[in-house]
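A short write-up of the structure that comes next.
Going in written order, the chains are labelled A, B, C, D and E, and every chain counts its residues from 1.
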Amino acid sequence: MTIAPPRPDPSPPGAPVRRAITEVLSRADRAFRRVTTGAGLTMLAILVVIGFFLVYRSGPAFDTSGFGFFTTIRFDPASGVLGVLGLLYGTIVVALIAVLIAVPLSILAALFITEYSSGRIRGFLTGLVDLLAAIPSLLYGLWGFAFLGPQIVPISLWLTENLGWFPPFSSKENALYIQSMFIAGLVVSLMVLPITTSVIREVFAQTPPGEKEAALALGSTRWGMVKTVMLPFGRGGIIGGSMLGLGRALGETIAVSLLLPQVPEITKHVLQFGGATISGFIANNAGASGLALSGLMAAGLVLFVFTLATNFTASVIISKSRSGAGVDA
Amino acid sequence: AALTPVTGSGSSYVGPAMTDWQNGAKSRGIPINYSANSSPAGVNQFGDRTVDFAGTEAEVSSIIAAGGGGLSAQTRGYQYVPDVAGAIALMYNVKDQGGKRVDYLHLSREVIGRIFSRDITRWNDPAITATNGGKSLPDQPITLVGRTGQSGTTALFYDFIAHAAPDAYNRFVSRNVGNGMGNLPAGVRPIQLPGQGPDAEWYRLLADSDQIATTMDNATIPFSIGYDEFAYAQRYEVPTAWVQNGAGQYTQPYAENIAAALKHAELRPDLSQKLDRVYTNTDPKSYPISAYSYVMMPCTNGRDTCRGGYGDPGKTETITAFLEHVACDGQINMARIGYSPLPPNLSQEVMNSNARLTGQPAKQLNADNCANPTFRGSLGDGAASPPDPLVTGGIINPDGKPKAGTGATGPSVSAGPSTGPTGGDKTATATAGPDEESAGGGSKNWREASPASYDEGGFGGFGGWAALVLFVAIVAPLVVRGVIRKLRGS
Amino acid sequence: MTTTLTPPVAPAPRKLVKRRPSETTRQDRFAAFGCAVSATLLTWFVMHLLLDSPGWLADLIVAYLLYLTMLYLVTRDRLGKLAASDRLVSTVVVTGALVLLAPLLSLLLYIVVEGAPYLRLGFFTHDMSTVAPTDPVTETGGLHAVIGTLEQTALTLILVVPLGVLTAVFLNETRSRFRRPVRIMVDAMSGLPSIVAGLFVYAALIIPGIQAGVGLFSYNGLMATLALTMVMLPTVTRTVDVVLRLVPDGLREASLALGASRARTVWSVVLPTARTGVTTAVILGIARVAGETAPLLFTSFGALGMNANPFSDPQESIPLFIYRFIKQPLENVQQRGYVGALVLILLIFGLFAIARVVGRDRSKRKAKKTTVKTQENR
Amino acid sequence: MTDTEVSYVDSPARPLVELTGGPPPGAAELESREIGAWFGDRLVLEGVSLRMPAKEVTALIGPSGCGKSTFLRILNRMHELVPSASLTGEVLLDGKDIYADGTRPQQVRLRIGMVFQKPNPFPAMSIRDNVLAGLKLAGVKCGDKDALVEQSLERAGLWREVRDRLSSPGGALSGGQQQRLCIARSLAVQPNVLLMDEPCSALDPTSTRRIEQTIAEIGHEVTIVIVTHNMQQAQRVSDHCAFFLAAENEPGRVIEHGPTDTIFNAPSDERTHDYVNGRFG
Amino acid sequence: MTDTEVSYVDSPARPLVELTGGPPPGAAELESREIGAWFGDRLVLEGVSLRMPAKEVTALIGPSGCGKSTFLRILNRMHELVPSASLTGEVLLDGKDIYADGTRPQQVRLRIGMVFQKPNPFPAMSIRDNVLAGLKLAGVKCGDKDALVEQSLERAGLWREVRDRLSSPGGALSGGQQQRLCIARSLAVQPNVLLMDEPCSALDPTSTRRIEQTIAEIGHEVTIVIVTHNMQQAQRVSDHCAFFLAAENEPGRVIEHGPTDTIFNAPSDERTHDYVNGRFG
């Protein structure tokens, strides 16, 4: 037992020197670090491999179209024209419609779960939201086509007749209201709802109880409290949750492939027949080979990058928001 | 010898038939797997050598023209083998002046060609009025309904259109070269419809046959007409048009009509079908828009496109055995599930194809060694066509010519004794019964021969209760567990 | 100031009566009921007597809007503006939750009505290889699909659980500088469309595999598993990540303070504590993966007959089973698809029930913790 | 009770800014009768009868977990916000039961303000908006808002420190200032009673002293009920005192109550004596 | 220091169960030299030199936020777990710097046990496993585990209450029992020093008294350093006392230290006097 020699302290008093803390890792800890890092890097590797593969396979398409790939609406390998703009447009419009419908509903549902319901109902609804997420996309597609679509047609008609001056609702004579991006968006919104609801619910649940009680103790109604405390607090989470939902809506496949004609075009009238999305288009043409397949891969790559950007923005927003709520899938 | 399993993919149109054939093959120990996605996908996968055979209605040349691949199939080498006959029906949704849904539409081939080439664009076109007893339909634009993306059905249908109204078709095609149909060399048919341009405005493209049929059934697209496999029309009881054949008669695509039409089918050297004479067939029973579906498989000799068989002789054995089943026993059920059995000459062609693969002499089929009902002059169950409402209503003669003096009143919907194809279906079943008997007379019917393992199933007959039992089986333990916990807890 | 305190009330032996004051009084409920009735009548009057109603959906919407307006006006009159907007929002929020419920119920009903009449136990005892298209729906056999789904899901789990949990541990319990890129990649991967995952496996593994004659890389359950892994991995990783975050830091500190290494802490304290949460996450992941269709078409290919070996030859699974039949032109064949859909839903329900049971203990503990927390905050 | 050395309140005699829709003017007397409280099936408080006279400061003391906070929250109907909570008994505000049928909790809470242990200003709002939050939330109108802000902040002893930065966010203040901001916020609606649950326990000594002075000032205008763990603080600020105690597995009860001097210097119960002299707790 | 009235420890004189791989036997002296601590760039503690003699109880007192917990966590290298944390100075355990190069923190923490403010038994383990968790986690071997469990629980004064349900989960105990379980868990590895960070602040009075008795008992065997907010408690349990204080925007410092009696009855610094007499904090 030797006493460590007092270390010389070169700095003037008042500005003490920080000590470097050395941590000697045990073997188990080193192995632990290696294994977990390995797992994390495997994840990285998988994604990088997929990314490279997509880039590699989409090479011919980019060779053919060059930058025009991003500015061309048509996707027409028969005449050697490859473009992703029409597909991307449809993808984004459908996803936006889905998110625009899903987010307000999610906020309401999240509010109900965190504030307006109690005990058993809360558990039931939370489970229900998860269940909603587990219903296969194929079934949503079938149901949307066979059941929901026909119910929506009269509403689309009504909107067109009465709100026709509003560009997205304006329509031509003899227009058709099935297979519209609106209906597709509506069905996708059901698939987006679970994720947005659970993210927003989580953020709401983290609202500091102190602030909530402060508002109530001032004689506020519940809505007053929600408005002054929960919504401002949850804003980051709401935005982040919407972005995450957007990310999911962008990638929705089978249901959209059944609900849209999948003809790449720019349809301004969202209530009207027409539209295509990248993933739905890929699903409908998955049997292609040669240049067409390469074009599909390129479109897939575009979608991939796009979703990546969306998800990334979402997680940044959520982590920056005051709530700092966790992002869970 | 153990047979090597063989996989195929492609046409969804032959899906039900393939299921039937796979069942039959299975009972003979032939391992076959088929995945129905779409004809072009099948051809491409065949070309990529990831499947051993493809089911397709579209030809390689069409697929190449559509820019969707097909080249690899050329590299691999292929032959077309007809496997079953079918027909394309015209489903329509039109209301007459009184607002009643029309169910008697009669069309001539040329008019069909012009409608689908967008040469006739309104329902009150005189050409349409002329074939419908002189009664004109409302002055409404015609909306066309077709398949989105690449489809074998489109290929078949537009082959017919090209022959029915060549001028209109050629104009249509040249108008839409840049609109997604592709640059089609002479004789090559499109497998994809224009996705844009002025013609596309009036074309509603849907994802699959089922969607087309449901949409027509729901009448969600007003004043529309579309093409679809006839089986879907039967399934949803959608009104289908009566099409005038070479004899001037109006027919619908029941098995007997298809069989009659295809008697004049010719095969090109590569066995792809040449249907010119089918479209103009003068048999009064023939339905013009009839065609075959193919199996695409490799071959070793006898064709330009043959580039060698399978590396694995076991696969050769499997597929020849399978095709022999398809050619004979496999045809027994076809009329019942919406197809028409192959005629004897094509059944024989199947055997010839096998010979081209194996290099052995082809087996000769005859009524004694082949259970295909057509060898006995029958078509199997469900083959007969219902009567024409305009004929039974006395508006036109059975030969298709309008009756003198009836044009003014025009047909009424209730004029015919049957209001749809189904009514006729029943009679057809009744009359076809004895044929079925003769077809399955011997031990030829594989279904009879197969062990009836599932017949009673041991459990059958308690309806939706099964679902309930299952649900309870899942939930009950949880409830019991909860109760026990509660009891223990308190 | 000396007499401020009340004399103690004589402690009579009384039974305490619990009061649970509620926000809504009976008058409120009367008002709401009245508004509902009058909104209904008004809708009927306007939509059916004055106008030509375009359908029940429009009626519903109009009635709902009328109800909201009336409720607002009545409450405003009775209790003032603030209370009125509060009541309005409460109503809207409750409807929002109901709207969430409606599509799910409608979807379930649709599938149950289509599928339930034909579901027989025979579905679970034989496959489709001997069932002809013309056979009645009740003959449907799905054993091969059920077995395929079970095997593929199990294999997926074997791949996903270790990798996902380890990655989540990596994200939570280490201070590696790769944490950020990995987290971004996990986020990104959850945006990978499943069809692209399927195409990837098909084009990168199956085509070369079949051409080279490598049996493992051809159509089989394993390839489907790989595609499903890509779909499930990010989901599981992210949920486990969240669950691990919920493990109180106090437990980690307690463990470290006892002289445990990081590895031991994770293995002996963090993971056991989070076990129920991880299990729930995994089961929910399974439920999601069990219904994936798109990536299977080109990977496991599907089959009519039984194939219990996921490492060679095409294999069926329930989603493929549904997809195969549900669009075919024969009514009874289509209904086979709905029977399959019903079985899939039942399977998912079952998984959910299990997840809830497994997760319940955790939620109880969590509830206790939160009450402790709220107490502290007061 | 100690007297304040320095008055932080600039003009205590000035009449209050007029509000419309707010509580009736003046302080009110609060009285609880046989209050009992449950969380779920657990009885945590029993038979609490206490009169809290108008314009005086009543302190509630007792060891942790004996139900002081629960009692305080019952006094302005915050208790019912806990889902499983229920209660019995009556709370009379100027003689009227606040739990009577048809009484709206918002109305009660508007008249009985509350300040919490942890300062909880609305962090996203400016200081001024924080003070006015109560008006907005409870629908109280005020003609001269600036005057009200100034007056409330003055009464809470915060005006001098923040008058130059009324538009900076409330979260940017120090802990003690935040707590006084919360007091100002409660005072802005001019409540009849102010409840305070350990308002100083999260604060540093300087801030604590400041807040005690504030309490002493406003104690002449509103009825104040304060929970505190600090015996010295209770002695310094309160006129009356009630000692709560909960035996193991028993609900909390009031052991003794009376003028602060009596409780601290001549308690009649031995447990009170032990507690105020730091024998336990 | 008050003496315990009732001994909850059944046989304090019995020799300890033998462990292999555990800390050296006996209590150890802990000494800090010029300890300073940062969170990020914020200096929160400066120049703390303190000797905590073996087999005695040292109490750290002071208002909230003055760095008591930080100091305590520096004593067993828990401080470095906070990502941004850094420090200066030396901590000598029986004369050897625990921050010396090559010293493994696990080894240090095994010798210096810690009990936290909030009881934190491992919820997934049974009571028995909780007690043995330290052995398993730190790789200490023990021949007679049952004896060790009994002895540790006895030393923590919990044996009598739980001996019939050793296999029920640790989360099923009451708060006070949980805290004693945590003490037992720390004692099981037979550490030389035991650090306690406000071990009673989350507990009810009865449990608090129980824990104080436990401290009094084991204080004769191990060195104990305890942080407390409760002056009475500090007086009751400790032999020595150190008063920490942080002026506004300044790091925390030790204002005064010495025998408990001196600190409480005759402090030399005025601030100490104010604090121990409840003038603030």
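Rule of thumb we're sticking to: a contact is a pair of C-beta atoms (placed from the backbone, for glycine too) under 8 Å apart; a residue touches a chain by one contact, two chains touch by 3 or more.
Here the structure is a predicted model, which means the values were calculated and not measured.
Listed by label, the chains that touch chain B and also chain D are A, C.
Ranked by the number of C-beta pairs in contact, the top chain pair here is A-C. Geometrically, the chain at the heart of the complex, using CA-atom means, is C.
Mean C-alpha position of chain B lies 83 Å from that of chain E.
Averaged C-alpha coordinates give centres for chain B and chain C that are 40 Å from one another.
Taking the mean of the C-alpha atoms as each chain's centre, chain C and chain E sit 46 Å apart. Centroids of chain A and chain D (each the mean of its C-alpha atoms) stand 46 Å apart. The residues of chain B that reach two or more other chains are 37, 48, 208, listed in rising order. Along chain D, residues 106, 116, 118, 138 each make contact with two or more other chains. Along chain A, residues 26, 146, 208, 210, 221, 224, 286, 293 each make contact with two or more other chains. Every residue of chain C that touches chain D in the complex is listed here, in rising order: 1-2, 4-6, 8-9, 11, 16-21, 23, 25, 27, 79-83, 371, 374, 377-378. Those residues of chain E that touch chain A in the complex are listed here as 33-34, 36, 38, 46-47, 77, 80, 86-90, 92, 94-97, 99-106. Contact residues of chain A toward chain C in the complex are 26, 28-29, 31-33, 35-44, 46-47, 50, 53-54, 57, 104-105, 107-109, 111-113, 115-117, 123, 125, 127-140, 142-143, 146-148, 151, 154-155, 157-158, 190, 193, 197, 208-210, 221-224, 226, 247-248, 250-254, 278-279, 282-283, 286, 293, 296-297, 300, 303-304, 307-308, 310-312, 314-315, 326-329.
The touching residues of chain A, when paired with chain E in their complex, are 1-4, 6-7, 16-19, 21-24, 26. Across the complex, chain C meets chain E through its residues 175, 248, 250-251, 253-261, 264-265, 268-269, 272-273, 275, 365, 368, 372, 376.
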